[in-house]
Every structure is written in structure tokens, then in C-alpha cells.
Amino acid sequence: MTDIPMDTMVRAAAHPRRDIGLKARYAAERRFRIYGAVAISVGLAFLAIMLITIVSKGYTAFWQTTVSLPITFDEKVIDPSGKRATDPSVLIKANYPKLAENALVAKLGINPDDKPAIRQLKGFLSEGARVQLRDIVAADPSVIGTTRNVNILAAANLDSAFKGQIDLGVEEARRKVSDQQITWMNKLKAEGAMAEHFNTGLFTYGASSRPETSGMGVAIIGSFYMMVIVLLLALPIGVAASIYLEEFAKKNRFTDLIEVNINNLAAVPSIVFGLLGLAVFINFLGMPRSAAFVGGLVLTLMTLPTIIIATRAALAAVPPSIRSAALGLGASKMQMVFHHILPLAAPGILTGTIIGLARALGETAPLLLIGMVAFVADPPTTPFDPATALPVQIYMWANEAERAFVERMSGAIIILLVFLMAMNITAIVLRRRFERRW
Amino acid sequence: MNIMTEQSLENAVGDKVNAKSNEVIKMRGDKVGVFYGEKQALFDVDLDVRLNQVTALIGPSGCGKSTFLRCLNRMNDTIDSARVIGKITLDEEDIYDKNIDVVELRARVGMVFQKPNPFPKSIYENVAYGPRIHGLAKRKADMDQIVESSLKKAAIWNEVKDRLQEPGTGLSGGQQQRLCIARAIAVSPEVILMDEPCSALDPIATARVEELIDELRQNYTIVIVTHSMQQAARVSQRTAMFHLGYLVEEGATDKMFTTPDDKRTQDYITGRFG
Amino acid sequence: MNIMTEQSLENAVGDKVNAKSNEVIKMRGDKVGVFYGEKQALFDVDLDVRLNQVTALIGPSGCGKSTFLRCLNRMNDTIDSARVIGKITLDEEDIYDKNIDVVELRARVGMVFQKPNPFPKSIYENVAYGPRIHGLAKRKADMDQIVESSLKKAAIWNEVKDRLQEPGTGLSGGQQQRLCIARAIAVSPEVILMDEPCSALDPIATARVEELIDELRQNYTIVIVTHSMQQAARVSQRTAMFHLGYLVEEGATDKMFTTPDDKRTQDYITGRFG
Amino acid sequence: MSSLLVLAIVVAIGLVAFFIGRQRAAAQDNGKVKPHSRAHYHGWWAFLLGVLPALLLLAVWAVGSSVYLDRHIHAALPERTVDSKVASEALDVSLVKSLARGLRKLDAGTLAGLPASFAELQPLLAARGVALASDTQDYMIPIAVEANKVQDRLGLFGAVVILASSIAGAFYALRQIAPRARARNNVERLMLWGLLAASTIAILTTVGIVLSMLFQTITFFESVSPMSFFFGTVWDPRFAAAGSGGSQGQFGLIPLLAGTLYIAAVALLVAVPVGLMSAVYMAEYATPRVRSVVKPALELLAGIPTIVYGIFAVVTLGPFLRDLSAALTGGSPFIQGQSIFTAGLVMGVMLIPVVSSLSDDIITAVPRAMRDGSLGLGATRSETIKRVILPAALPGIVGAILLTASRAIGETMIVVLAAGVAANLTINPFEAMTTITVKIVNQLTGDLEFNSPQTLVAFALGLTLFALTLVMNIVALYIVRKYREQYE
Amino acid sequence: AARDQIQVAGSSTVLPYAKIVAEQFGETFTNFKTPVVESGGSGAGIKEFCKGVGEDTIDIANSSRPIKKDELKSCADAGVKEVQEVRIGYDGIVFATDIKGPDWALVPADIYKALAAKLVVDGKLVDNPNTKWSQVNPKLPEWDIAAYIPGEKHGTREVFETKLLDAGCDKAALKAAGVADDKEIGKTCIAIRKDGKAVDIDGDYTETLARIDSNKTGVGVFGLAFYENNADKLKVATVEGIVPSTETIASGKYPVSRPLFFYVKKAHLGVVPGLKEYVEFFLDDQMVGPESPLAEYGLVAAPDAERQAQRDAFAAGKAM
């Protein structure tokens, strides 16, 4: 085009520019964008603060101090009268802590007759040693009379001291660990007999009044059962209800009633769902107390409105042209919904489900009334056995007097958040697959 | 409006294409009226759609062409505010009868819309969807066959044959519309309703679609809404002219375009053509 | 492709309408190419848009007309995968320059889309939207004035004047498109890009819009994508023919339609017309 | 026969019917007549006819036979006299029933030689872990045995009837199969009923909630006048036996209501702008990558247990704000450690993702043509968002906000910790206040006497809150209807 | 399925003790499952307890207050006729401040003057004018009054009001100031100021501790057990010159304490596996004695004779 004769190419007469207030509008644009960025930053900053607070308090809960001791399964201690062949209860009732104590006495080189020192030793090892050693003997009675290296949990206070969480500046009488115990601890540490290990117990133990032997095993199973129940019930029911309301229902009083009802249920305080659960599921239908099944049902009812509201919004957002396209091909309304509308609405449904499940996963109040805020030591085998839930465990630990429980509580929160993140990641992956702009 | 006499008169005269005496009426509208809420958009339309012929609906924008077309396969049912009165028959059956299955009706009376509306699925799936729900293909190979032939008939096969798995929404406007035509053809309906099917198409594609319409006419019955008088003249055997919700005039296409009875038709077709 | 020589040759011959020597080039495309992701949809397009003239872009569906048009006011920026290469100028300024303000550009280069897309607002608000954001009306009366004149120019005033407060989405397809034209006119751009503005319009409305285009040409510069050769012939002074992403030929409309240089143009315009 | 076994058999019959039905329908499709429905719809219809009526019958039978059994036991019990050992007839019946249930745990041998006195029977049952009240009487034993027999008979008969109906249903469906039979419509009609049923669960829940609170509420209003409850400005319920002279408490709703609305409003003031702007930024400005990270990250905020927020408010934020305000005025703090402001702020943070995630989805769903239309007119992005996209997305966004408001009203733990439990009436956002939900939880879970007004007031509060939010939602529904904008 | 697990519900004050017993019970009697101990408050616990007899009702209700007459009646109406009361020991209620603060010595009158809603000043009943502890009693530090006291849902609050406020209240002065009848006086005595200086805590003691942590000049009310577990953070105040400890409380010298109970459904004894054993285990000196784990945790053991009486009463099957 360079060869256009210059004389025919007159410069374009500058069009009279209008003032369309660009400067101000751009300022507004920038401001708007900044608001957005600030909003996100605020959200993320709070997230960061919360996470940092939780993690910095809780990460130590994933480690647990143990003392490695050569335990001699002394027949004299376990079965002083030699009746174990005839009376199996002997092996159960035996004084196992004594075994651990003896080993520790030997290890530290304390004179067994030094009564005050022996008393100080009492609080050194966890009471859980009883069960631990009993299980070893019960599994294999032939260990009696032999010596074996066993990792015994340190008592909670020693665990805290070992992790440096106890202020040694406070006068001895007000501390939970004595100077003598600290000396022993340092000695064992120097010998390498006392060390921190990854705290698998936190994931497997049930509730306990001793911090070092308490874990979230029961809570994890309970929460898992409940989430499965909520997902299996709330998602299909919620989606079905949304489909009915959004795609099939005539707009009349009845559907208005349902709609208002659903929105209203979202505002009902969660504890009221607990009341409902108690009245309907336990008292009327006679389901068991403290059971994950009932918890799941209650949380389902609580989660439903959230899922329905989100799903309806997502369904309504699918453009009408897709509906006509499907109907015009001779798809029935049902086919239209299930083949086209639902897949297109999936991202929104997922979001609603995640938000609903996240709430369900974090709720304590409704579980209070159906007996799930409880001390449950034995892991449930079915959803009908007594169980607790993650937030319940957190709540209960938060109310414990012992300091070591605070650490565990933060650890439990971390685990809960990991659960949530796993859920979120699943949702992201699914959402990616479904999300489209049209 | 003396359409009835007009019609009978014109029927007596006979039709340019199907001059045979056994001209069959595939669909018939009898005093059809449509309300959108309070507002009446269509008034007392009496119109016959003849078997194996192409009927063109013309008229200025907003006159109710699309509305009438949507009555023919009851797509108006999906608009909450819409209410249809009068009677429409397909093969002498009242399609607004209680016993009529509207889904089956729509499978028999297919539709191509004014705005292309492909599903946000792959091109293949767009076409295969209809045959799948109607169980028209037993095996994958059958389905492939249906998809290919439909796309070919809609004159889009060459453009998309290498990207059948890409989304239908990624096509250009015209390609999308042709895809929608292919989709409608794939279920082999008896009647095909087309709402300005070529408005987004270029002339070559338009020509192909018009050929296709002509070809389909052998086996199917077609009702087409168009703004192009020439298109109406080219593809249709019968033309109906709407104005402000009324059927102004209906008759054999050549008669309509040469000696219309109604002043408004006259005015309209002698306007500046597109 | 010997477009360059073609063009200069044709320039020397002069233009049928604006044969005056001071023919001004309003917009110029220089080796414009567009990629959608990996795929190149437009190749090396050199095309001038002349002041106060109507330039028509024709070509088969999917050839890149809309794509090119969208380059002219940088609407392609809004498609994540789209990438533009080459240079486009408006009044000699590179519109892809860093210093160019895309908002101002779009206010100066308005657009009407292929599918009518009224906002889900009242008819009045649809038209008032542009003037309002650009602060073109100080008082309510001014705004009323702008709305009314824009709707009148778009030949839809009579149909909607009693229902200005009803939603624009409740209109028929054709009415919606005219509403969109009115909306674009309302901000009085210097260049108006129209992507098949009449594809949803009936002949009478089309004629009115064509008149409008002709009228607007006095003050504005217009680029129009159309499938109708006749429309191109009627309204445009210059025509550009695209094929498979390439600019095949560009020149004065009458020459293009009588003695095209390129075999493909020849084939295309002698196809069966719409 | 146990219900579970019957259920399994019924489902098995249904499955068989499904396969036969599908097979038959496919075989009938000879290409001559266009079949109305595809083969698998016929299969499903057969399945549904085989299973659903039978299930319904099963439920009816279960209820019916237990009612019959009750009557039977009633009739068998001896006439009640003044000195009947058991307090009420209903208790009598339930004792027999638990006894009967207990007897089922015994093996046949023991049952044959059943002791005639409860004293002898109890150890046998206890050995099986059956809990029985000590009031169980000797005369109940034969009645319980008889009841078990009746139950067995009823069960057997019921099973036969149910299975017969299942088979009949399946047969009926299979007989119906014909090319023009409308199996799809039938199946879809049932599906529609299913969908309808799902949506009525919301109503059932509401009914359940109201019923589970209504009676206690009525009892409460028997001892406290509704006037002083609804219009009282002092909340001071006291406890039943405290103080000298057992003073009656005051149950004024107003301070709680004010606190509820106040805290929710503050929370919304935080959550809605931040959430909405985040959503806008994610949907319109952020790159897909950023969005895909930020969105789930924000959603994590919704998942942190509320107690953690509460602790955060108590330990970190509350003191921080107090000290900050002290530093600002250079002396006494004007923000209390526990305040509406703190609670609202923390709750707002928790609710950000509820607004942002839902709104983001809704904004993303606004068709591209809307954006193009606005941008093509020379609107800036923010103008497009503010004037076109947000209005188009409004109904959904209002829904999201409503959900947020709902959660703000229903939240307990954060309020307890961050705003306290003191039922003040103030307009100063930096003072402590409390909410209805907090009081519901506290009155329910305290050491208070369970049938005193102090505990029962929780139910009245719950019902009041329920009614309150109901009104709020009706108003919201009306507003949304009015301003709804439909695109396309 | 028949229930093979003991179910306990009720007071959150008794919960920690019940937990310890339940856990050790489970460890000692391996043939029984560890009991499930719910928290949820005495009221809720007794309510569940009184629902009726049978395997779908709980066996034991923990309570930090004696069961009320009305409640017993409801129980009986629902068929729970025989209820055995067990008193497990005492809970001390102490005042504590941050460890770094000065020593505190309180008398009930100080507390009354600092926290009452209205005081008699110069013969007139006025809103409590005191803002600093030193105004109440010059021996107390010059701290702003900020007391974290148990909320009304707690049984502790009742003890707090009767044993401290009511005891510290100058009734004669009130009468002189024109408060007419005794009822009114009683009410005025226990009315607590609502200007934010006295903060109700409805949560547990952890929350109170957190408040003291964030406000170092605050005074909190704790259970003795909780204080002892946090002795490195808290400094306890003497009341009437007595330092609270298990000894002083058991001997009755320290004035502010309350008994803790649980209630057993007699109909379930011998039926729910392990129930009888559990109660016996609980009452054993190994559990509730002065050297027991419960005492170590903070329970104030009852005197020897009382413990023996409880055991005897239970063994005799004495119902209320």
C-alpha cells in the first residue's frame, strides 16, 4: 500500500474528539480493580492469619515424645501368684505400669528404695503404658520373663517440657514438671532414649482423658461416616428438589411456599436441627443416640438448603436456548434436564455442595443434642455405633483444662482443614471438567 | 380477511408443483391464536401445511411468524406466559390433544431456531444426541453413519470432519447454524420447522441448504420462516404472509409473488428486497 | 495473491462514489493476522477503510470476516485465546499501541453484533446505557432526546415508543437487532462496525437500516459484514472478499461485482444469490 | 420373614423384571411401527411397578401391624384398677413390647420352658443383654409370648402379600409392553413425583422443626406472658431456685433480637462487599490460574470451624482492637474486648466465601454476549460489571446474600466468644451484645432445670427466630421477583 | 441390637471426672466396652435420663446440682421411678488472676461491692459507682474492675450468688435505704452490674483463662481443678483468708464449693452390661478417694464417712 500516490492520501482530518470523561472513568476503573484486589487480599490475608495461628500452635501435635526402655516382662510383677494358666484375668489386671517404672528406675540408675524419687517418677511416663504393655503380653504371653525394647509414651507434661513449651522460669511448685524430672529428661535425651516421633496415635486413638493417648481416630471415622451420609443424601435430594423447583414446578403458591421454606431453613440455627434430630430420629423413630447415622441425617437436613439454593442459582443460569435446543429435538423435559442442564450447572452445584459440606464438617451444635458431643473411646465399626466428629473433638479439647490438649486441638484443626482441602481439590478437579463460558 | 375463500379458490386452481389431486394436508391450523400473558400476538390463523411441500412464512419483523411456527411443535408450551387457542392437527390428529405426547410430537416435527444454539458439547455429540435419545442407532457405526450423513446434508461436513470432537460452540455463527440444521435432520423428523435457518449463512452455504431443503422435500414436509422474498420464491411451493399477528394471505408461491390478492402483500413484496 | 498491485491499480482508477481526490483513509489494516490459540484464523490482511464510505466484507462462512471486524475495535482482546499480529491504524494512530485507550477506541469505533444481544434492561436503558457511561447527556431531557433519535434512526421507534420501560429482551429477534443498532448509534461513534446487522431483519426493516446506513455514511465511516451480495452492492462503496482467512480481493464495489480480478470472487458472486 | 429379606427379594424381582422388560421391548421393535419409548424405559417401568407398590405396601404393613399389635396387647392386658402396679396403660403396653422384643433373643429351648415369673426370667434375659424395667410383671410374660406369635403370623402373611403384589406389578408392566406403550412417560412421571417428593422434604423439615418446638413453647407461655416475652426489654431469666425468695426471671426478647440483627448486619457489611468484589475480581479480572487457586483458598475460610474463629476473636482480635482504641484515645479504650464489632468482623470473614464463591459462579454464567455488547459500546470493564453483569446476575447474588445473612443469624460460637453472652440493649457497636441463637444454645445446655421456663424459653426463642426469618425470606422473595432481569 | 455400652450424659463440670473413670473402667474391665459420656449440661442430661426406661434411654445422668423435685416427678411420669443418687465429691470455686499480678485476699463483701448492680451509698440505693478494686477495698490493687464470672447457664453461678454476693450483701443497709420486702432485698443482693465490668462467661473455664490472658488485670472465677491445672498461669485469691485447696474445701473451711452428683437408673442395673460395675468402680476409693486420679485432677473428695455412706447406699439399692 506504500505505493499509493501521496497526493491522493490526505491526512485524516482529526475527528473532533468528544470528552467522554475518560480520566475519571479510568480512575474509577482502577479503583474498582483495586477494590477487587483488596477484597481478595483481605480474604486471603485473613486466611493466612488463621492458618498461621493454627499451624504454629498445632504442628507440634504431630510429634510425640516417647521413651525407649528395655522392659523386662518380669513374671514376679505380672503374675506374682503364678495363676495365669487357670485365670486369664490375671494377665489383664496385672500391674504393668510397674514394669515400665522398673525399667526407668534401672535406666536412670535410681535407688529403688528412694521413695521420694520413685514418687516423682510416677508422672514421668504415660498411664497408657498399662494398655500398651498389656497388649504386648496378651498378644504373646511367651514374652513373660524376657526383656524387650519398648517405646513408652512420655506423660503429657513431660512431652510439653520436651518440646520446650513449659516456662521453666516459673517457680517449681506451680509447674507441672519438677526440676528433678527435667534433669532426668535431659539425661534420657542425651542418651538418645527420649525422642520425638511422628504421632500416629493422633490419628488412631480414641478419646482419652490423658492427652498423650488421646487421638482423633473415633472422630475421623465418625466424621467420615457422616460426610458420606450427607453426600449420599443431601446431594441427590438437594439436586432433585432444585430440579423440580427450577424446571418443573409451576410458579404458584405451593412452590413459593417451598422456596420460602428452603431459604428459611438456611437461617435456622444449627442447634435447632439438633432439636429436630432428637425429637424425630431418636425419640420418634427410635434410632440410637450418639450414632454417626443420626448425625449424618441431621447434618443432611441442615445442608440441604445450602445445596438447593446454590443448585437453583446454577440451574437458572443455564441459558434458555439450550433448553429449546434439546426440546426441539424431541428430548423430554426430563432428558433435557439430565442430559444438558445438569452438566452445565455442575460447577455451581459443586460449589454449593462444598460450602454445605464444609459447614456440615465443622458443626458441633446440632450434634450436642443427639449425643455426639461425647467421650467415646472405642472406634465405631458401623454408623450406628457411638462416635464423635472432628469439630466435636476440637470443641471438647478446647474445653480441657490441660495445656497439652490445646496443642492437640490445633493439630485436630489442621487435620480438619486437610480434610476440607481434599474436598476442595476434588471439587476443583470436577469443576474444571464442567466449567464453560458460553 | 377472506382467507378461507381465498384458499379454497386457490386450491381449486391447483398448485404449481404438486398439481396432482391427492394433495395431502400434513398439518392444519384452525383459528390458531396465541397470547403472551395478556397480550395476543397471533389471531385466528387458518393455515394448511401440505405434505412434501415447503411452506414459507413471510412478513415484517414481529408479525408472529416465529410464534406460529413454535405452535406447530408446541415449543410455545415452554414459555410460561404463552397460551395457544384454536386447533392444530398433524395427520388429522389434534396436537394439543391430551393424549398427544409432546415429546414424540417434537421428534416428528423438528425445529431449527433463529439463533444458532449448539449444545456446549462436541460437534459429534451435538448431532448424535437426537438419534441417541430416540434410539435410532443400535451400534456405534450406525451412529457415525447418521452423524456423517446429517453433517453432509447440512453442508458442513467438510469443515468439521477433522474436528468432530471439538466443542460445537467454538464454530463461527454460520457453522453453528448449519450444525443445528444437521442436528435437526439427524432424528429424521416428518416435518421440519426452520426459523430463518439461513439468516446466519453465507450464500454458498445458503444455496446448499436450499438444495437440501428441496431434497428433503421429497420425503419430508418443511415450514420455513424467512425474510428473503427470493428465498421464499426459490424454495417454497406455498407462501403465507403475516402481518401484525394476522395471516394476511396464503397461497401458491408463484401466485403470491405475481398476483397477490392483498394490498399489504403487494406492498411488502414490492418493497426493497434483501 | 497479487492483492497489492491489484489495489494500487484500482486506486489509480478511482472510486465510483468518492471520486474526489481527497479520499481519506480512516482505518488501515497492515498485515493483520489473528490466532485463536495455536490456530491462525486470519492471515496478512491489508485493508483500508475509507472515511464516509461503507466498506462491505463478504466471503463464505467461517472465512474470518467477523474476526477481522472485531480487530478493528479490539473486541478480540476480550477473547482470551485470541492474539492479533500486524498493525491497524485509526486516523494514522496505531490502535494496538500501548498508549491507545481501548475504551475510547471502542467509543469511537462502535459495534453491532451478529446475534442481537440486548441487555436485560428496559428498552430505554438499553439505548441510554452508552450515552450515560460516556456522559453524553447532561440532563434527562437530553437523554430522552438521544434515545428517541437513536431509536428513530434504527427504524424501531414506532414499535417501541409505548413500551420503553419494558425489557429489551422481550422483543422479537428483528426488533432486538434494531435495538442493538440504536444502542450503537446512541454514542455517535466515528466508525460503526456491523456484523451482519440485517441477518435477523425483515426486508422492510432491512431497507430502513440500509437507508440509515446510507444516511450515516455522510458523517460516519461504516464497515459491514454481510452475506447478501445484493446488500453489499446496494449499500457499500467498497467491498472486500475474504476466503479461508485471506483477503482475496478488495476494491470499489461496482468493479468487484462486475469485473472481479480473482477467480474465487467470481465464483462466489456468481453462486446462487440470497 | 424379616423386612430386610422381603426388601431384598422385592428388589430382585424388580431387577429381573427390568431385564425381561428391556428384552421384550427390544424384541418387539421390528422396524415396522416406530416404538414410542426406548427399550430400557420399558425395563425401568417394569422395575418400578415391581418395586414401588411393594415398598409402599411394606411400609403400610409395618405401621399397620404394629398398630394391630398394640391393640392386641391392650386387649390382652388385665383391667386397670386403682392399685395397678404400672402407672399408666401406655407404659404397660410398652413394657410388654420390650419384654416381647427381649424374648426374641432367647433360643427355642429356653422359650419352650419359659419361667412364669419375671424374677426368674430376668436373669435369662439379662444374660442376653436385654434391658428391662423392674416394673415388668409376671402376667405380662404370656401376653408377650402371644404377641410374638401374632407378630410372626402378621409378618409371614404380609411378606406373602407384598411379594405377590411385587410380582403382580412386574407382570402388569411386562404385559403392557407394546411398541406404542408410553413407558418413558410413565417412568418420567414417577421421576417427577420423586423430584417433587425431594422438594417437599424442606416442608417436612419445617413441620418437624415447628412440632419439635411447639409444645415446649406453649408450656413456656403458660408461665410467662407473651407480652412480656415479645416486648420485654430486659433479658434476665435467672435460674429456678436462685436468690432468696425464688425471684422470677425476665424474658425480654428485644435485646436479643436487636443483638441478632445488629451483629448480622455488621457481618454482612464485611462479607458482602468483600465477597462480592472478590467474586467480581475472580470472574472478570483474574487469570484462570489465579482464580483456580484463589477460589478454593477462600472457600477454606468457610470450612474453618467456627470455634476457631471464636478463639481467634477472643485471644487475638478482641484485645488488639481494645488496645488499638486505647492507643487512639490515649487512655481508656472505646472498643470493649467483646463487642458487636469484633463478632461481626470475624463472622464477616467467615462468610466471605459464601458470597464470593456463589456469586462468582453466577457472574461467570452471565452470557458472553452481554459483556461484548457493553464493551463494544466503549464501556470500561468496571462499567460493564457494575451496570450490566451485576444487574443480570442479581437474582442469584441476592440468593447468595440471603444465604449469608441466614448463616450470620444462625451462628453461635463466634458470637459467644467474640460478643459475649450479656443481653445488653445498646446502639454502640463497640459494646457487647448477644444473639437469640446464643441464648438458645445456652439455655438448652446449661445446668438449668429442664422443665423450667428458663430452659423452655429456648424453644420459644427458636420458634420466634424461625418466624422472624420466615418473614424476612418472604420479603426477600418478593424483592427478588420484582427486580429479576432475564437475559437472552 | 441390644445395647452393650453404658451411656452417660449431663453436666460438663462432671464430664472430666466421668471421662477419667470411664476410661479406666474400660481399661480395667476389658469385657465391657468403655462407657460413652456425653456433655451437654445437667439439665439436658437429666432430661434425657427422665425420658423413660429401656435400651434407647441413657443409664446415668451427671449433674453439678441436685435433681429438682419437678424433674423427679417428670421422671416418674415417664416410668423412671427408681433413681439412685450418688454424690461423688465437691467442686471448689476459686478466684484467680494473672500469675504476674499481686496477691489477692477477698471477702464476700468485696465481691458484692465490686459486682452488684446497685449499692447503698450514703443511705441511698444507687447504681454501683465503683470502677476500681481499690475503691472497694483499699487493700486490693488499683485495677479496673473486670470480673469474668460464670454465666447463668452454669450451676456455678448459683453458688457464686448465694455464697458470695448474698453473703456479702449488707441487707440491713438495703432495708434502711427503703427496699421493702425480703424478696426484693434478696433480688437486689444478687443483681449483677451490667455495664460490662462483670462479664458472663457461658463457655468453659478455658474461655475465662483466655480472657485473663488477653486482659491481665481481669479477675476470673474458676473451678479448683481447672486452676490447679493452670497454676503456672494463674494466681489464686484467698477468700476470708483461706487459700482454696482440696483440704480446705473438704474440711469446709473454704466457703465456696458445691457437691457433684450422678444419678443412676435402677431399672437398668444388672441389665445394661457393666452398669453396676461402673458405679461401684466410680465409688471406689481408688477413683474418688483423696489420693485418686479424680482428686489429682481437682475433685475435692468427700470425707471418708460420706464416701462410705454413698457406697453403702448404692449397694443397698436405695432409690430416691
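A, B, C, D and E label the chains in the order they appear, each numbered from 1.
In the analysis below, contacts are C-beta pairs under 8 Å (C-beta built on N, C-alpha and C of every residue); 3 or more make two chains touch, one makes a residue touch a chain.
Here the structure is a predicted model, which is why all the values come from computation and not from measurement.
J.: Trace the shortest chain of touching neighbours from subunit B to subunit E and give its length in steps.
T.: 2
J.: Among all other chains, pick the one whose mean CA position is farthest from the mean CA position of subunit D.
T.: In terms of C-alpha centroids, the chain at the greatest distance from subunit D is C.
J.: Can you figure out the chain closest to the middle, judged by Cα centres?
T.: D
J.: Which interface, named by its two chains, has the most contact pairs?
T.: Among the chain pairs, A-D has the highest number of C-beta contacts.
J.: Centre to centre, by mean C-alpha position, how many angstrom separate subunit C and subunit D?
T.: 57
J.: So, what's the distance in Å between the C-alpha centres of subunit D and subunit A?
T.: Going by mean C-alpha positions, subunit A sits 21 Å from subunit D.
J.: Please work out the Cα centroid separation of subunit A and subunit C, and write it as a whole number of Å.
T.: Spacing between the chain centres: roughly 59 Å.
J.: Going by the contact rule already set, what residues in subunit D reach two or more other chains?
T.: Expected reply: 184-185, 311, 367, 378, 380, 383, 444-445, 487-488.
J.: If a residue has to touch 2 or more other chains to count, which residues of subunit C qualify?
T.: Those would be 103-104, 107-108, 115, 133-134.
J.: By residue number and range, which residues of subunit E touch two or more other chains?
T.: Residues 3, 40, 44, 203.
J.: Check the chains against each other and report every pair that touches.
T.: Once each pair is checked, the touching ones are A-B, A-C, A-D, A-E, B-C, B-D, C-D, D-E.
J.: Can you check the complex and tell me which residues of subunit C touch subunit D?
T.: 73, 75, 78, 80, 103-108, 110-113, 115, 117-121, 129-130, 133-134, 167, 169, 180, 183-184, 187, 189
J.: Would you pull the subunit B residues touching subunit D in the complex into a rising list?
T.: So the residues of subunit B in touch with subunit D come to 101, 103-104, 133-135.
J.: Using the touch rule from the top, collect the residues of subunit D that touch subunit E in their complex.
T.: Of all residues in subunit D, those touching subunit E are 87, 91, 94, 98, 105, 122, 125-126, 128-135, 237-245, 247, 311, 314-315, 318-319, 322, 336-338, 416-417, 420-422, 424, 431-432, 438, 442-452, 454-455.
J.: Spell out the residues on subunit D that touch subunit C in their complex, using ranges where they run on.
T.: Subunit D reaches subunit C through residues 288, 367, 369-380, 383, 387-388, 391-392, 485-488.
J.: Under the touch definition given earlier, write down the residues of subunit B that touch subunit C in their complex.
T.: 58-63, 66, 114-115, 159, 171-175, 178, 196, 198-207, 210, 227-231, 234, 268, 271-274
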